[in-house]
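A, B and C are the chain letters, set down in written order, and residue numbers restart from 1 in every chain.
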């Protein structure tokens, strides 16, 4: 069991590396970089939703917070290493605080959704209202609706003038995604990850075993916040501007759509969902005949109705059935099948 | 030191205007096997939930092994070395039998010994052929056994079981009685139960609940032949 | 004295707006345990229905009070038959599907009406109270909200349909055993909830510049009001609206509208932390 998962991870890694080098032949790296960032954002939600059973409507809070933290720190420091670390750390701490408040308060599904949604809205409203000069952190003005432009983007650590951009930024983002993927896989294979999945299955039982489910959930939430924060940091460096739009409801909805379309309970599903739908959105953006939110909405409705488990798990189930069928048929051809329960 | 390992003093639990548990004083000695019986709504399950920390009692105190556990959360109570099985089989449906039991063993033993402890529990409960199966697909009686495996893998010294025989076939009930007797060899056991047949086969000391209070407490034979007990079971008011 | 009256009127108005925008959502959530995240878009469609009818020469009162609810109710009916009815009992799935519908309607409205602002003028003249100018239309909104609450109560309490509806919501199996089709009750309830959203959109239309994304500004507030209120339709709706209306208006008066909005959101977070099942989950259990 553990062995097959490890080999699965290796396969994903291998395919990922191949895609990393092949994809730039088909698409501009500028677009690809964004798709990779989206995949990381989807991964962060796929982790807590698919494995922790926590539906967060406000994953953008951590994404936007990571981006803003990075931008503000970069303006003040002028070199990207510390800001990038802060861009991960600040959302992680914020997620831990928010998670502690929710999980120790025993909030469940819908109410969890409301609180996370509301927190995102608070960020959105607040950031939009910071146009005045009094909203200034160090040398960085928050800029309200217009956001923060003109900060130091990612550079080679220690050398502020060696910018990482365009193609090299793409490779950095892609490698970061693969590293995060492996780390999350390791986390899920560890006892901590197994307990997290057990909590999704039956929180009361896990508590009766003597685990503190609230603490476990808070930590998992914080890890997810860190991943989303990293995605935000990379986005800031890619877009070279951060705006309150990163906190918007539409953005939150998109992450959820990626996960549900790709499939929960897997890590590859949400990432693929993000890349496919992100690409679809990009190509729909090229034309104006059909509004693209209409298409996204339609896809979400259809997937919820027809493929409640998402595309990747449904395909995996189909594949497994195909592969198993001959092995079930085979003994039948030889004669009566014994009472096998190990299938 | 006294060998009383579990004691409640004046324990009460009220829901709105209903008093489900009314001023219960309860003492349990080490290595006892105690059954709590009573008709539906007598308050035994509520009392059980107070002991396990799932409910916080309205008033009164609970002492377990020298700790005042009143108002503790379930995971703290479990960490005292107490194994708890709830009324409805409470298992992780999406995980395999082995994973379910391993998680429980891991909590007390860490990763080095968890595998061994889990394997032992699987053996003792005769779950070997099912170890790789997903729990959600198992029959009710098997799920009950998985939950018992979760409880046993943690090597508890005090075991609290709520209706372990509910919904089982006659054969399964007998097997359950055997398992419980075995657990009782090195652990103290409290069982909330309904099934009189089952109680007769395992019980030594019985506490009878009626309308939230303790009606009587005695050996099996004395309880079974008591007219008041028969009255509350048949719904006669005496 | 005049100032006090103006302040009170302002607070009443902000409570009334919350009642109005949340009523449809509250009916659907309270009766069916379905959270319709396309509620805001239903309001937006109600707004467009009103504006289109007025531009076509229909009397403005008829447009907002009759046409808008009927049009949106009909849309709701289609949505219920095509999507919602397959998802009963799956709270999270309905939320996701209706979120999809919300995006769909925004996209559809952008294609039909364009991304430009449209609007009509308010049909009620303002008046002065002492030194203060009062918007007469605000008064009208307060009246509509009050009437709405009374009407929902009367329907649920006083009519056969209301009784059947309440029964079905509590025990769908029993209601069908008694010969009432749960399916039809759900359908009717969703129609009613959608019509209420249409009414809200129609009544609010003259106050705002309508754009296809207009609904998103309200869905969060309505959602928060309903969830914080809890599962009881009327008491929950009223208590949620009063609390949040009060908080946001007081902070708006003391500081700025943005602070008012943020205060509302912060209040919601604190409230849910203290009362994880909403206000009525704690204090008015089992009421309507």
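Rule of thumb we're sticking to: contacts are C-beta pairs under 8 Å (C-beta built on N, C-alpha and C of every residue); 3 or more make two chains touch, one makes a residue touch a chain.
Please read these numbers as outputs of a predicted model, since none were measured by experiment.
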Worksheet item: If you take the chains that touch chain A and keep only those that also touch chain B, what is left?
Response: none
Worksheet item: Whose C-alpha centre lies nearest the centre of all protein C-alpha atoms?
Response: A
Worksheet item: Between chain A and chain B, what is the gap in Å from one C-alpha centre to the other?
Response: 42
Response to the item:
CA centroids of chain B and chain C: separation to the nearest Å works out as 49
Item to complete: State, to the nearest whole Å, the distance from the C-alpha centre of chain A to the C-alpha centre of chain C.
Response: 33
Discussion item. Under the definition above, what is the set of chain C residues touching chain A in their complex?
Written reply: 35, 83, 86-87, 91-93, 95-97, 99-108, 110-111, 216, 220, 223-224, 227-228, 256, 258, 261-262, 265-266, 268-269, 272-274, 276-278
Fill in: Touching residues on chain A, where the partner in the complex is chain B
1, 191, 194-195, 197-198, 200-202, 204-213, 341-342
Discussion item. Can you tell me which positions in chain A touch chain C when the two form their complex?
Written reply: 55, 101-102, 105-111, 113-115, 117-119, 121-122, 125-126, 128-129, 249-250, 253, 256-257, 260, 290-301, 304-305, 308
Fill in: Residue ranges of chain B touching chain A (in the complex, touch as defined)
52, 54, 73-75, 78-79, 84, 86, 90-96, 99-100, 102-104, 106-108, 111, 129, 132, 147, 150, 154
